[in-house]
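Multiple structures follow.
Heads up, the next two complexes both have chain A, just with different partners, chain B and then chain C.
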Partner chain A sequence: MSMKDMMPNFELYQPASVDNALDLLEQFGADGWPLAGGQDSYDWFKDRAKKPRAVIDLNGISELRGIKETAEGVEIGALTTLTEVINNDIIKAQYGLLASAASRVASPQIRNMGTIGGNLCQDTRCWYYRYGLDCYRAGGNTCYADTPQGMNREHCLYEADRCVAVSPSDTATAVVALDGSMVIRNKSGEKVVKAEEFFVLPAVDIIHMTILKPGDLLTAIRLPKTWAGARFYFEKVADRNTWDFALVNISAALKVNNGTIEDARMVCGGIQCTPKRLTVVEDIIKGSPQNEETAELAGKSASRGATPLNYNHFKVPLMENLVKRAIRSA
Partner chain B sequence: MTDIKTDMVVGEDGLVGGQTTALISLKLTRRNFIKRVIASGATVSASGYILSACSSDTPEQAATSATPAQTLQGTIERLVTLNVNGKERRVDVLPNETLAMTLRYKLGLTGTKLGCDRGECGACTVLIDDMTVYSCSTLTHTVRKRNVVTIEGLEAEDGTLHPVQQAFVDELGPQCGFCTPGQVLSAVALLKVNPNPSREDARQALAGNLCRCGAYDNYLNSVMTAAKLLS
Partner chain C sequence: MVAASKENFIVNDKSAVLAPDKLIRHVRLARLLHWLMAICVLVLLTTSLLPIAEIKFSWVTLHWVTGLILAVTALTHILWSLFRTRIRQMVFGLRDMQDAVRTLLWFFRISGQEPAKPGKYSPAQKLIHHGFAVTILASIVTGLLMMVKVDTPLWERNPYWLSNASWGIIYIIHDLASMLLVTMIMLHIYFAFRPEKRLYLRSMVLGWISRSEYASHHDPTRWENK
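== the complex of A and B ==
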C-alpha cells in the first residue's frame, strides 16, 4: 500500500444545502455521484468500476440529518447514520423492526458512517457486476451468473429477467414492511413514492436498482403510524454475522388481537432484485391464529413460484423457515 | 509515540541515506526509525503523486478544472486544518484522499494500519468524535471540523499508556499486533458509552475488527480488564 494506491481523481464538491446539491447534480448529470456515508461508493471508486467526474459530498447538509415525529408518523433524513437510527428513541419504541434491521448491517464502524439513505440506495453485490464485467446491469448483453458454470449461490429466486442479481439491503425489507415512503427531490420539485415502488425489477430497468435518475436525490424516508408499535420480527441469515450481506433476510410486521393475526406485512430480501412482499403468506395468515399450524402452512406456501439457479436451491427452505420463525416469534 | 514532523527528518542535503546514518547514531528505536523514514519518504512520494496526478489529467479534465465548475458553491479548499489527537494540523489534502492515507503518509501517524483498504478488516479504525470509523473508507475532506483520535493520541503526555492500552498489555491481548490499534480504539469507543460492558457487548463492539491470529478471546479479556481499570 502506498500513497499511489488511491482512488482515481475526481472533483469534490461539498454543498451546504439540498438546493446547492441539486444544482451540482443537475450540472454533472450522469458524471456526478452523490456521496452519503461512502461505505460502498469508495469501493466502487477504488476498484475502478465506477469513475465519476464529480463527487458531491452530502455530509455537510444538516437538513438531511435527523429523525422527527410528524402528524403522519416519523420522518428520517436520508443522511441519518444507521447508528443514529438504531439508537433513536422513537424508532426503538415504535418502529423496532427498522432498528433491528439497521443493527445487523455490516459492522459497527460501517454503521457509524453509513447512512439509511445509502443503505436503501445501494447497488447489488453480484460479483460479476462488481468486478466490472460488461454484464446486462453494466450496459452489456450477457449475464455471467446465470450460466452453467456461473457462481450464483447468492443470486435470485424470483423475477429474473436477463439479470439474476438481488437486493442486498437489510433496511429496505424493514422500510417496505413498515409501508414507508421515499421523499425524492430534483430541480423540478419533490415527489413522494411508496417504498415498494421505489425499488425496481430488471424487467423495468436493468441498470438501476431504484427509480432514482441522475439529478434525483433521496432526501428522507417516511414511516406512517399505521404499523407503529406492531409486533415485529427481523432475521438475517448471512455467512458471517459481521460484514456479510444477507443470503436471505426477513422483516415481518403483525397486528395480533386475542391471538388472531388481524393484519400482516412480510418482506424478504436477498431473493429478488427488490425487497419481495410475501403477499401469499400475508393472505394466508390474516385472520388465522398465531400458532404453529399457521406458521407451518405459511412456511410451505412462502416459496411458491421460486425458480432457483444452479447453486441457490438452499434459499428455498431457508426462506420457508424464516417465515415460520417470523410467525412464531413476532 | 509522538507525531513526527516531516521537516525534522528531511535532512538539509535532502538525502534519505544521509539521514539514515545520522538517525542510527542517535540510537533511536527501530520503530521510530522506520516511522521517520516512512514519513520523509512519504513527503517526497506524496508531492510526486500530486504532480503526476495533475499531469495525468485528461485534456477534458484539465479544461473543466479551470472552468466555471470550480467556482460553483460547494467547491473545496485543498489546504485544510485537521484536528488530530487534540492538535491542529495543516495539511494539503487531495479530493480523493482517504483519512488513512493522510494520517500515515502526510502526518506520519503510522500507528493506524492499512489492511484491506476496503472497510473489511478494521485495521485502520480511528475515532471521529468518539465514534469508530474505518479511516480507509473516510474522505479526509469530510472530517475537517471533527476530532480525529488515532492510537498515537491515547497515551498521556508523559508516555503513560491509556488504561485500555495497559489492559491489552496485561492480558497479552495481541499476538502479531497488526490489528491491535484498531481493536484498542474500538474498545475505547465502547467504554466511553458503556463503562460496564458484558462480554457480549464487547464482542459486538469489536465485531468490526478482524484478527488473523484469532486472538479474539484475549482481546475480550483485555476489554473486560480495561473496564475494571477505568472504573
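== the complex of A and C ==
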C-alpha cells in the first residue's frame, strides 16, 4: 500500500445538530465515519486503509464544544480541542492531570485542531495495521507484530490476545485516573459508561479500541468531583519529545494527608490495548507514607504479570521507574 | 415375532439385555461421549458465533480449551468404537443404499413397498453420524492447526508456520465445517424431538428402548454385528 496524493472520494455531510448527526450515523452505519479534528482520519483516508462511504463532519455542532461545571464535576464536550482543554481555568485548577496529559499530545498545531473526543477514540498506531496489512485488527487472521521477526518495540506488555497493539492516547490515561465517564449517544438514547469500560481489550473485540458501535457518538466526557484538586502526576516517555506517541505514559492521582497516601489511582498507557489501571500499585501505596521506600516497593510491583515481546523488554523498567517517579513527585 | 427377535438378540448380543422388557441401545460410555461432544460443539459454536453477532466477550481461551476437550472426547469415541464396539453396525453399506432408495420411492409414492426395518441404526442415522464425524473431525484438525497461531501455556504462537494461502484454506474449512454443524445440529434436534423418533432421544439419555419398540422399529436379524 502506498500513500496516495489525492484524497479519495467520499460523501461529505455537515450536520448542525447532534440529532442530525445521529440520523446520518444510523443511516450509514459502518460506512459512515464521524469526523472531529481530522488529525488521524485524513491519514487513514489518504492511505486508503479506511474507505468510508460517507464522512460526517461534526465540526458544525456547537453543542459538542466547550467545558462546563456541573453539580457532579465538569463536563467536556467531545469536540473541545486539546488546546482549549489545556487552557481552561477549571481544568487547570481542578483537573491538572488532564491538562498535563493533553499538553503532551503531538504538537501545538495538532492540539489546536485535534479534539479530546478524537484523542480518546483514536485507533492504535501499530504500524503493521496502519500499513494496511490484513492483520486481526483489520479483519484478517494473523498478527504481524507478534512473531519471531515482528517489530514490536512499541507494542504491549499485558493482555495480548492475538493482537498486541496498544492504546496511543495520552488523555485516556488521565481520564481513567480521574475516574471519568463517557457520554455516548445514538438513536436509541444516551448512556454513560465509566472510562475504564469504554476501552476494550482484543480478547473482547479485536477490531475496535472502544465500545463505540456504528451509529454511536461520543458526545462528552464527565469528570467527577471525587478527584478534583488531588495531587497529580503525568509523564510521557516517547522517542522524540517534540512530537511522538508514548512508549509508556503514566497518569497518577493521589490523595495525601499528613504525608500518607489515603487514596490513589494510577493508570499506565502504551502497555496494553486499553489504559491499564495499576491496581496492585494502588493497593500497595494506599495507607503508606509518600516516601522513597513506598515508591521503590510500588515500582517493583508495577510490572507484575508483564509478558514482554521480543523487542519491548525495555518497557518493564520504564514502567517501574515511571511509577516510582509518580509516587515521589505527585 | 417378539419371541423370535428376543431369542435372536440374546444370542447375538447378550450384553444388550437390560431387563425383560428393555434393551440397551447405548451403553453408559457411549451416552457420556455423545453428550460431552454435544456440549463441546455447542460451546464452540456459541463462543465463535456470538462475537460475530456483536455479543462481545473474551472467547478465544474458552474456545480452544473446549476444542481440546472435544478432540480428546472424539479420539476416545473413535478408539472405543474401533476396539470395543461393533463398528460395522455403523457402516453405510450397499444394503443401506438400497434401503434409502426404497424409502425415498415409498415417500414420494413411486412405490408401494414400505421401507425396510433397519438394524441398530437406520440409513438416515448412519448418514447424520457420518456427517457429524466428517465435519467435527475437519473442525478438530483445522482447529488444532490454528492453535499454532495462539499463545498457550505450552508454546508461543507462530503465524508463519504455514503460508498465508494454506492458512486461508484452513480457515475456510474450519468455517465451512462450523456452518455445516449448525445446519446438522438443527436437523438432529428436530428429528430427535419428532414423536416417532423420541425413543432414540430417550435411549441416548437413559440408554434403553423397550422390547416392543425394538420389535416395531428394527429388524432383529440386522441388529447384531455380522
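As a working rule, the second predicted complex is superposed on the first by the 326 of 330 C-alpha atoms of A that agree within 3 Å, B and C clash if a C-alpha of one lies under 4 Å from a C-alpha of the other, contacts with A are read in each partner's own complex, and residues count from 1 in each chain.
Please note the rule applied: a contact is a pair of C-beta atoms (placed from the backbone, for glycine too) under 8 Å apart; a residue touches a chain by one contact, two chains touch by 3 or more.
Computed from a predicted structure; not experimentally measured.
The superposed arrangement places chain B and chain C next to each other on chain A without a clash. In the superposition on chain A, contact is made by A:56 with chain B only, not with chain C.
After overlaying the two complexes on the shared chain, residue contacts for A:213 are found with chain C alone; chain B is out of touch. After overlaying the two complexes on the shared chain, residue contacts for A:201 are found with chain C alone; chain B is out of touch. Rounded to the nearest 10, the superposed model shows the Cα centres of chain B and chain C diverging by 120 degrees about the centre of chain A. If you count the residues of chain A touched by chain B and by chain C, you find the higher number for B. Once the two complexes are laid over each other on the shared chain, residue contacts for A:161 go to chain C alone; chain B is not touched. In the superposition on chain A, contact is made by A:146 with chain C only, not with chain B. Once you line the two complexes up on chain A, you'll see the smallest CA to CA distance from chain B to chain C is 27 Å. Remark: chain A residues 141-144, 146-149, 160-162, 200-201, 203-205, 213 touch chain C in the complex. By the touch criterion stated above, chain C contacts chain A in their complex at residues 51, 54, 56-61, 149-151, 157-160, 164, 167-168, 171. Taken together, the chain A residues at the contact with chain B in this complex read 1-16, 20-21, 23-24, 27, 35, 38-39, 42-43, 45-46, 53-57, 59, 83, 106-110, 112-113, 241-243. Interface residues of chain B facing chain A in the complex, by the touch rule stated above, are 42, 45-46, 49, 53, 56-57, 61, 64-65, 69-70, 72-76, 94-98, 101, 105, 114, 117-120, 122, 125, 131-134, 136-139, 141-142, 186, 204-205, 207-208.
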